[in-house]
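Notes to accompany the following structure.
Should a chain be cited, it is by its letter among A, B, C, D and E, assigned in written order, with residues numbered from 1 in that chain.
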Amino acid sequence: MAPLLEVRDLVKHFPLDGGMLTRLLPGRPGRVVHAVDGVSFVVEPGETLGLVGESGCGKTTTSRLILRAIEPTAGRIFFEAQEITGLSPAELLPFRRKAQIVFQDPYTSLNPRMTVERIVGEPILVHRLVASGELRARVRTLLEMVGLQSEHAARYPHELSGGQRQRVGIARALGLGPRLIVADEAVSALDVSVRSQILNLMTALRERLHLSYLFVSHDLSVIRFVSHRVAVMYLGRLAEVAPADELFKRPLHPYTQALMAAIPTIGDGRASIFDQPERLLEGELPNPIDLPRGCRFAGRCPFRFDRCAEAEPELKEVETGHTVACYLYE
Amino acid sequence: MKSRDGFEVINGLLREEVNRRAVLRALGWSALGAAGALPTGLPGLAHAQAAKRGGTIKIGIFQNIDTLDAHNTTFITACAIHNNIYNGLLKITSPDGRGVEFKPELAREWEIQGDRIHVFRLHKGVTFHNGDPLTAADVKWNLERVKDKQQAPIHAWKLELLEAIETPDPHTVKLHFTKPFPFLRVAFTGSTGRAATILNPRAVKERGKAYGRNPVGTGPFKFVEWKEADYILLEKYPNYWETDGAGGKLPYLDKVLLKFIIEPSTLVAALKTGEVDGINNVAPQFVADLRRDPKLNVFTAVGGNWRCMHMNIAKEPFSDKNLRKAVTFAVDRKEILDRVEFGEGILAHGPISPPMGGFYDPAFETGRNGQYYDLEQAKALVKQSRYAGGAEATLLSINSGTAPRQAEVLQAQLAKIGLKVKIELADSPTFRRRWLQERQWDLVQIQDLDPDETLYPELHSGETWNAGRWVNKDFDRAVEAARSENDFRKRKKFYQDAVRLILEDAPVAIMLHVNEQKIFHKYVKNFQMIPANLINMHAVWLDKA
Amino acid sequence: MRTLDGLTVESPGVTVPTPAAEPGAAAGIGRWWRRFARSKGAVFGLAVFLAIVVMAVFAGVLAPYDPLTQGVGAPLEKPSLAHWAGTDSFGRDMLSRIIYGARIALIVGIVAVLLALVAGVTLGLVAGYYGGVLDAVIMRVMDALFAFPIIILAIAMMAIMGFGVTNVIIAVGVGFIAPFARVTRGDVLAVKEEPYIEAARLAGIGNLPIIFRHVLPNVLAPIIVQGALRVSGAIITEAGLSFLGLGPPPPTPVWGSMIAEGRNFIVMAPHISTIPGVALMLTVVGLNLFGDGLRDTLDPRLRR
Amino acid sequence: MTEDQSDVILEVRNLVVEFSSEDGPLRAVDGVSFAVRRGEIVGLVGESGAGKTLTSEAMLRLVRCPPGRISGEVRFRGQNLLALDEPALAGIRGKEIAMIFQNPGASLNPVFRVGDQLLEAMRLHLREPARSLRERVGEILGRVGIPSAATRARDYPHQFSGGMAQRVMIGIGISCVPSLLIADEPTTALDVTIQAQVLALLRSLARELGVAVLLVSHDLGIISQMCHRVLVMYAGRIVEEADVATIFRAPAHPYTRGLIDCLPRMDGSARLGTIAGVMPGLRSLPSGCPFHPRCPLAEPRCAEEAPKLRSAGDHHSAACLLVGT
Amino acid sequence: MTRFALSRVGQTVGVLWIVSVILFVLMRLIPGDPVLIMLGDEFTDEAYRQLRAQLGLDRSLLIQYLVWLGNILRGEFGYSYISHASVADLVFQAYVPTLWLVIASLILGTIIAIPSGIVAAMRKDSAWDYGSMGVAIVGFSMPSFWKGILLIWIFSVHLGWFPAMGYVAPWADFRESMWKLVLPAVTLGTFFAGLVARIVRSSLLEVLDLDYIKAARAKGVGQAALVYRHALANALIPVVTVIGLQFGALLGGAVLTETVFTIPGMGRLTVAAITTRDYQVVQAAILVGVLSVVLVNLLVDISYAFLNPKIRVTA
């Protein structure tokens, strides 16, 4: 069975902005931000792929690239075996129905001047999925599916709580009958008690509707909870991809290991991870404009050796389904 | 020759004289022969009080001017300033502050041989501000410059009839004309006439285009500086040739500062605060108050003008003579004088104003011989016209001065005879275009100078300025005859015929003769009112501590 | 394909209570009003604005005399019982002229601003939304337009089109396009980045519907505020034009023209310029305070 | 208890923060009482809107009044901070009680150099020659882990990453060696690895300098790893207080229990616990126990009686009618 | 910083070019032409055609534009059609008084606006706030010509405190110059002050609400230092932009103020030239006026960048 989504060598470089005159200045080659720098992965039908990484690692850019919200600098994207890179906006319409997004911030992802009914109904109308007379019923159904009542249909976003808004966002995405939902930090802005409601809802929806998720998050515990497989991203590249259980049991990449070590889990109140600074990662993310040669992580890596500075390690499968981009495993 | 001289739009005496041409008047006042032998000294110095010398006078001028090249200005206010810098072969004087006379200025003698040869004998010892002596050659050079369309495109027509210039000796100029030229006395004044204003040839040649900002003349004051839109500063020329009655040197003043103040309320404020010593015209709203001010002398005189409203005969509805006549009766001149000019002027019943001396028909004073206000008759005439049920008309007006106010009054007055008037305002260039080129108006407000120079170009058929397209062959013949007739009595007859024809056919509604004002603080002494809009500082002095 | 219909997804939790305030549209206005009413200035501004509107709408009923009829009183009469605001130099009733003047002031102000708003907002939307060369070209033209002092631009426009209320409106309107375009573009740039715009795009909604349904409603509040503040600017600009002799032709009762005309009567009859001047000032003050109130309550980013 | 009492450096009694609104006064913080002892790290945990931040800011009167109104007592060294005049309070702020905020990037004044902002804090409170203070700037910046501190002191805030800016804020906070540092969600805006660095720094500094910390956070994991004692807030009240081991092992209040259940476990259990609904808004606080509409154990009396904190064991109290019965 | 400045300069050049096009087209759209004025009373159709040809006004608009643009770029502004004076001289002479007026109004306005804006913000909703903001609104609610005329009649004619009109160059007689500048600067400056005071107030209020002010308070910074050191430094950054943007409005306001007070400046020159269709003068005067507006905006942008370390240090 073909993967639902396949991404090959996706690259996105953002040019640093400058006026017309500055571009004419001699001796200034166009500097770029290496937001995504050669990323490949697949998402299978019914699967949740967790994409985890810290801010600035390119995970959000990746999610936008997949949806053709921004144009990749290089690389190809296949959806249901059809290449979608290079399609015109009109040709993209069928794809738009099948791949939808849920955003991080429930406060800004809903048009504040529209009622819930219009927010949810508009995409359905645009794609002419139902006769306009049936729209109302369809919207009600969708709202019920995400745990809202029909009375919410007439409300404006600011009259809803954060969790309710995120439900509306999910309903909007579901309205088109998608196969893939890109959830971009979809629960990061929510409070703990609400977050668990939404996570439960999303898992339930996935099972019932046989959806696939590309679940983008910085929060490892959330990723752990929702994902079948997890891809760890660092500075525009994938560091490690593995089934969730496997990854959390046996993280291979030093970055993954450090990431996990840094998570404050509920302990027994005696020993604190913060009392062992030697276990914590040093330094900060390097500037994605002037990247060091070799492994991007080498500068912060406790295990770095000579080779790391020479060339960028490629993702290699070290066990079935578990790939890692690190020279330690070659 | 097509003389369009003496033409003036209403903004003229509305004290905003953009582009107005000069004053020309009182042709009938002095007989030709009288001109020759007048004394050159300035009048009025036989006062008890001796003149104090020195000081600077500041005069608020209501309008910016264009240039100090006298041969190329189109602004009448400029002429008033020029007259302090230059002399002409002739000058305008006014013995009583009301009427005007034309007298020789730089010419010691002015002799007319036959009807086409004028001989001017120049004063000796006259020098330009740069020291050059004045000679007949200079005069010749100046007249030739004016005659040259390239150099003085605006006034060249005035000397079109000038055939030859002889300079038999350094102080004699002999001019040959192709026809009798009664207009000469007007054209040759140093102020508004401009055709024989004498510029320094060397300065003109040296300075080229910049001359208009660096004039050199023979007048009582020499040019010092000109700050655009701000002021012009003149300074006493110590070697000025004229003397006062007692043989004292002129002028008395050290400096004359002409300050341009175009906002009427500020002009009055500046006069009241003493920031200027005098002003050269004012919005009529202020005059009554200024007259009451004990610190001020207000000189006013009716100008040689007639304010009127032309009707477009080429178009409906004023192709109808009865309607035109109705309009002339519907205009309540008294109301216009009171509401628009606040009494500053007199009612006009015909085109010739009372100061016009010999041309003026006293019977007009009663109104019954000319146009006058009679609403009942106006209504009756409307009934006889094709527009008994009412008509609509556009009134074209310039947007400055009191013109819009007059338009408002006219609108209300004409409404009483069922004429619905729409007022259209325009600034000066647009006004001229609409009026003269496009001719898309029914009524237009004009202020004209006296008839000798306006009747012909404005009402003679086919003339450019006859924008209302009135055609009357008898009228044409009358004004044509008057133009080349030196004999005053015959000219008067021709003009009276012309006026009669105007009144009969009513191409124009005549309304007012308006005042011009000069207002000075009382310490400004010996100012001579010459109602040709002149502000001569030749003999003025300041009685200040 | 699986249908969504008929599926029930377990609602987590028993019910999903909604947060505290649940105002409908009407309650929204009520709340807005309570916020608005907290500022005395804003309420005063609104009152003045409403008074002007009432004067404008019911001028025919309120004005004691015909504003154009000359000689309803003696000329230049001081305020009296018969003529509350005196008479002008043609004996017209000043109060009636001021009441009718409100109508013209409002028409000039509102129509000019609407004109500028429609043009400016359209340009700003296009520039901000599409960006790139289009943006650069539009905005440079706007910069150029903006660099012309409005009064100079208006003088030139009036000279081109001739004098009249309509032309004053067009002249002032053109002068105000650039500020609207700038404000709109700035807000569009911000709104364009909002996730709900991206959501719409990713739902396959076209650019035009996005611009009109999603972008425009969300940039409208500051534009309305800007509009309210500009109305007064338009009225003042008209007054300036009248002063330079470029106002609507007489006998149209326009406040600016009345002040300008009255300035020559400052000695004879000061009330002729003072009374319309005060009317104009009150209106402008009112509109500004009202605009401030609107800004404080409508435009959350500027809320203080 | 008496020894404990002597150790108390700050005691909050019945703190109330109200806001006037169109609908009458809204109580955002409702009768909060607690104490902080020397050198201890106290966690204040709760979801957004619980009143954590207001509580911490009200203690130093940083809440804008009006529209706010603060009442109750905040006793610090025998003085009631809420009764002090502004200059006296300013002398305590930053010197005795320092505070760091959630958004480190926005907490530094963008137009002043970072070093100067640190220097300003010391100049306000320390009577030392400017020169020695200036030297201390580099020292402190180095101590909070800013590489090449002397050079960085001359940089502007926008040249600092969030993590670095928060280190600067911590540096400013400890520059006068206060007795208490209030840290309001200090790492919420930061990435996990940076968060770990900053928290580790905070913990080590607190221990080293003997500074007590009131750590405000919504993250139970952070609270668990950082604090000695925990206060759980809900709808403007403290609903449970216990030492850190107790609260996670044996939470007494149903809300605390629910919160812990909501957390995804790293062991990958299939379903998350949830708490139904959302925290009530200030305008629609329910009667009785504010948690009762969401409480799985709610009884009719919960809607009538507002529970006070009551003992649920050693150094453990909870505001629930069901506790101890 | 350099990059930023360069790109702004590039934009400015583009704007100026567009300005020249708008200006030229606008002027030629106005009915009536200088020929009508120049001919004065000597109007005949033939003379009209002749003079038009002489001035090159009969050529196509594009050619006329290119000729003009070429001349301007070579620094040749030509001679006035009406007064025959050098356009460059006219414009330069008029520029100085206007500049003085605008600068004096800017300074006066700023001196009034900043303290009253601060007071209003500090005592928000107090009588101080209402009072100063009320005065501020009145300041820009009066049509400036009317304000000017009232000032003249009250302070010059009736009280005799200040001169009613005129302009004296400051280097000619400084005292007199300043004395004469008082009323015009008050007229224009109060308009400007009203605007700026309101912006100072709202900007300051906005800044006072920001996190770093709270953080500074938490550090123990006293109220005065908080406002004057921490808040004001930031609040004035947008005010600088507004002041720059208002430069254009001030130039526009100068048109009326100059007319009322008889100041021989750009406004009077421009209006007079428009009413005589003196294309050469209008085009040069407006171009120079707009050029100054654009340059001031450029300077403000750059100084904004300078005041704001975020742009200064990174860009």
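By our rule, a residue touches a chain if its C-beta (ideal position, glycine included) is under 8 Å from a C-beta of that chain, and two chains touch if they have at least 3 such contacts.
Just so we're clear, the structure is a prediction, and the values are computed from it rather than from any experiment.
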Shortest walk length in steps over touching chains, chain C through to chain E: 1
Pair of chains joined by more contacts [C-beta pairs], A-C or B-E: B-E
Chain whose mean Cα position lies farthest from chain A: B
Chain A and chain C, separation of their C-alpha mean positions in angstrom: 45
Whole-Å gap between the CA centroids of chain A and chain B: 88
Centroid distance [mean C-alpha coordinates] between chain D and chain A, Å: 32
Rounded Å distance between chain B and chain D, as computed from the means of their C-alpha atoms: 90
Multi-partner residues of chain E (each touching 2 or more other chains): 11, 30-31, 149, 153, 209, 259, 275
Interface hub residues of chain A, defined as touching at least two other chains: 161, 163-164, 197, 200
Of all residues in chain D, the ones touching two or more other chains: 274-276, 278
Touching residues on chain D, where the partner in the complex is chain A: 47-48, 161, 163-164, 191-197, 199-204, 218-222, 224-226, 243-246, 248-249, 258-266, 268, 271-276, 278-279
Chain C-touching residues of chain A, taken from the complex the two chains share: 64, 67, 69, 92-93, 96-97, 99-101, 103-105, 108-114, 119, 122-123, 126-127, 138, 141-142, 144-149, 152, 154-155, 159-161, 163-164, 167, 169, 172, 174, 176-177, 197, 200-201, 204-205, 208-210
Chain C - residues contacting chain E, complex: 40-41, 140-141, 143-153, 155-157, 159-160, 232, 236, 239-240, 243-244, 256, 259-260, 263, 266, 273, 277, 280-281, 284-285, 288-289, 292, 302, 304
In the complex, chain E residues that touch chain C: 11, 14-16, 18-19, 22, 26-27, 29-31, 130, 133-134, 137-138, 140-146, 149, 153, 198, 202, 205-206, 209, 248-249, 251-253, 255-256, 259, 270-271, 274-275, 286, 289-290, 293-294, 297
Residues of chain E touching chain B in the complex: 30-34, 36-45, 47, 51, 79, 82-86, 89-90, 93-94, 97, 149, 152-153, 156-157, 160, 163-167, 259-262, 264-265, 268-269, 272, 275-277
